[in-house]
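The data blocks that follow each hold one structure.
What follows is a pair of complexes built around chain A, which joins chain B in one and chain C in the other.
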Partner chain A sequence: MSTISIKNLRKTYGPYVAVDDLTFEIPDACVFGLLGPNGAGKTTTFKCMLGLARATSGSVLYDGAPLVPETLERIAYVPERSVLYEWMTVAEHLEMQRRAYKKFNVARANELLAQFGIDLRKKARALSKGMRTATMVALAIAREADILILDEPTSGLDPINQRHVLNLIINESARGATVIFSSHQIGQVERAAERIAVIDRGRLALEGDVDSLKADRKIVEAILPSESFALNGLAGDSHILRLDRTGRIVRAMTSSDAAEVLAKFEALGASGLRIVDLNLEDIFLYAVSPADATADVVEDTKL
Partner chain B sequence: MNYVEWLRVRNALRVTAICLGVLIVICLVVRISVAAQFGDRSIVDRIGREKDTVVTHSVVDGYNRTTMTNAREHTTVVIEDQPGGGKIIQVTEPSHSSRDRSESVEVGPVNVSTSQESGGIEKTTIETNRPVPFAIYLGIAAVIGLIVATVLGAPFARENDGHLEFAFLKPLSRTNNALGIIGADCVGILGSMIMAIVAFAIMHAFFEIPHFDFSGINATVIPVAIALPLSWYALLNASTASLKRGAGAVLGLAWPAAIVSQTLAHFNLGGSLAGQAFHAIFWGVSRIFPLTYVSFEGHDSDLSTLGPKLMVTATILTGLFLVYGALAVVQWRRVEA
Partner chain C sequence: MPVVLTVDPRSGVPIYLQVIEQVKRSVALGVLAAGEQLPTVKQLALDLTINPNTVAKAYRELERDGVIETAPGRGSFVRGNGSIETTKTAATDVARDAIEAAVREAKSIGLLADDIRTLASAAIDRWFREDA
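Now for the complex of A and B:
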């Protein structure tokens, strides 16, 4: 199996920086979710990992070694958009994969395509967007690869097939494969991923174990006495990752001891105090949303 | 070899086979129509019905000989079947010309020679089913090969257009991948040429048993006929290898560009600086195109000079194939998805 190390990865297209100094590690046999808003650099990261795009600087290592053609025998990839040959039938795509890879399991591919209800005799141009995605997923899963990289694997699928793909991802992980996938469906990532990395504008915004991220982060909500109420340096507190304020309501994201932060709000005279658990969507949004209510703004509020 | 490219080659050969098949059917229809009106027997019957004509049939050395004599017109026609299916037709008649005109014309498998005999007699000998210069077949095959080369001419650009995730993620180096694609296409182009030769041999066989002449220039021209479509394919591939879109336009414009540049290269605008510059530019541009090197203009039938010329042409075309092929591979290796 395989550990993937991404070190200081940078990819530029002319003046545009698509990925900037990205560093994280994907452990062996892990389901790893790569999250980020549109244009954050997820697909570019995948392309650099697969050698489809040349990194401007930095490196991607598989078990400590750079990507070589032989490594590709161990990697299956489902791109964001269909790359099926429009003029070829599904059966011909299957044959193409069988000839290209030693471990391609034709029986498994047939089984998966049947589960998705895809007719092998159909040409790719006759398939709907969802069916094309399903075909790509089936072809990738049938590779029985050590590393499975899926870029938006549920895009265009109906909820039933989305669930099916998610189950396949979990099954692949159970088989021992390292699964890396991106999705805008945060709920799916939360269900399947053990670790996540959030990329925003090409940079790593957050990375870690999903359970730990959720356990470590809480929101302390409070109602301030007035809209002009000053927070007296609370925004600079080392336990507070971020402070958002809307009128009298203030929400503080804490990295460790939420009770301590809550006590500080209480000491300021705030009311309606409560500690809220975060889900992955909250964590994602906090990581990537523009900080229009930064600590400084909150601190300087004098209405 | 590359499976997807094999499928493309298969499709191109399938279309080629359909086109050649249509030609064969048309040829068969023509053959059947012609047989009813212009077959040997009908011609003999028609002449035999003319007044004062005597028709005799005999067998000489196991082959039929038909002699038609018209005493009034002083004309004799002798038709002799030849081994291998050909015929020799000798027409002896009073000369229509006061001049001594002896000439020989060869059109494919037919040779027509005329000579003046003593006593004001003109003798015309028509030999059918003579060996056909294989160069003619190769010329036809090269044209078909060029067409198929144009169809297959942008294999890398086709992969660039949204399929690199398949093409570049195979566990083999990009160079080997590229060579596999080029190899498949070259086999396809050569296959189309063989199909063309077979198809035209079939069409030929509708009229007579084909015999080929492989001697002299006919053998020397084989490398040229093979290298021409392959070098054209390599040029098109090199021109499109890094394109993600618009390869079709390049393929479509390649033929006009080759013809126009070659035509303009032949223009002589005099010795002025502008004229010389114009000539130099288009002469240089025309050298890019393999078609420029294949010209029978000024060639004579002297094999001692034509043979070496063809070998030089074949060498140049092979060189172009290798250079353009390498350029295409180098470009494609650098393409990003």
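Now for the complex of A and C:
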């Protein structure tokens, strides 16, 4: 079992609030994608999870218990920036890991490094950004850890090696490991992750199961009889997250039950009704759009 | 494994629904024959580079819909018993979704039930001409 619970996590650096009241759970054996704009607090969250940064308040619990040194034995971490020693060869890094961890699988590490086409004799300083990422990913996977925390594990990699890393994540999940990873490439998260959390300016903007989010979040589009037509009763509709109105065209973003929202528009006399699917990128962009801009849109709709 | 499934993860249609639709289509077309084994959850997840739990969810629903059956320790198979029934059920499911979408679209642009019926019978006449 490796369920990770993040509860009311807050981390400040002086006056700067990096992470603010973050609460979500990463279920056992889940591939969990952490999304957010640059500087949203993803790396800080990872550091708090690993004890590399001390939370200002709140907690991170592993199967209900706080982080202890034995927990770290079960976690493999790939940081966003290279932590390889410039003067050491890949082979020396491998040896260092073997000595550091009881469970390190040397044969697996060699196999993975070969798959990435990494020359063991090369010093870290001779590796490209992508090859450094690949080296760290290979060494982390060879730990055969219960939990993998991967901060931008495809950063700098070519599309073939990006796909390879995704398949390694999937393989780790299939053997029962819990994987949490961040990526700016939403398409990768859309493929590999079962659940996601979106962090924006340190706060949780959205969290859920990817397939359920796609099933629930739709755009219902309708043509109204006139530009001044009043949308009575839709202002307080709990299924509608946002209404955009341009002339006679109205678009409602739903949190669930798009068909029900569509029926309501129809009952009001709207025509041209259709339901438009949203992909994860659309859903992400909505979640991180400034809240006050959304409020303005709703205000303009003459509800 | 002769199953050739493709998914579009960037689509707004949940991936597990895409897997379900494609397996049903393959069964309806006979590309997947009765008794034929499907890839394991892990294998299909790796082949398509999608989450294993997503594949497992699709397989569970396919089993509930009677399209496949899972023998513990042996894998998942296209239902062998009453394979004609299975094929027809799968084909009906795929066709129903397509027809529902077409009718919804026609209604949304202002057509009445009778207009849509006329269009539907004209389409049936055209596509089944040689059967008449």
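What we mean here is this: the second predicted complex is superposed on the first by the 260 of 303 C-alpha atoms of A that agree within 3 Å, B and C clash if a C-alpha of one lies under 4 Å from a C-alpha of the other, contacts with A are read in each partner's own complex, and residues count from 1 in each chain.
Basically, a residue touches a chain if its C-beta (ideal position, glycine included) is under 8 Å from a C-beta of that chain, and two chains touch if they have at least 3 such contacts.
Since this is a predicted model, take the numbers as computed values, not measurements.
Contacts of A:Gly36 after superposition: neither chain B nor chain C is touched.
Ranked by how many residues of chain A each touches, chain B and chain C are led by C. In the superposed model, A:Met88 lies in contact with chain B only, and not with chain C. Once the two complexes are overlaid on the shared chain, A:Ala215 sits against chain C while remaining clear of chain B. Using the contact criterion defined above for the overlaid structures, shared-chain residue A:Arg99 touches chain B, although it does not reach chain C. By the touch criterion defined above, A:Tyr77 reaches chain B but does not reach chain C. Shared-chain residue A:Gly202: touches no atom of chain B or chain C.
Looking at the shared chain after the overlay, A:Leu52 reaches chain B, while chain C stays out of its contact range.
Counting contacts as defined above, no chain A residue meets chain B in one complex and chain C in the other. Residue ranges of chain C in contact with chain A, taken from their complex: 9-17, 41-42, 45-46, 49-54, 57, 104-105, 107-110.
Residues 29-31, 163, 166-167, 170-171, 173-174, 187, 190-194, 210-212, 214-215, 218, 271-274, 276-282 of chain A are the ones that touch chain C when the two sit in their complex. Listed in rising order, the residues of chain A touching chain B in the complex are 47, 50-54, 69-73, 75, 77, 79, 81, 83, 85, 87-88, 92, 95-96, 99-101. The residues of chain B lying in touch with chain A in their complex are 3-4, 7, 11, 162-166, 168-173, 336-337.
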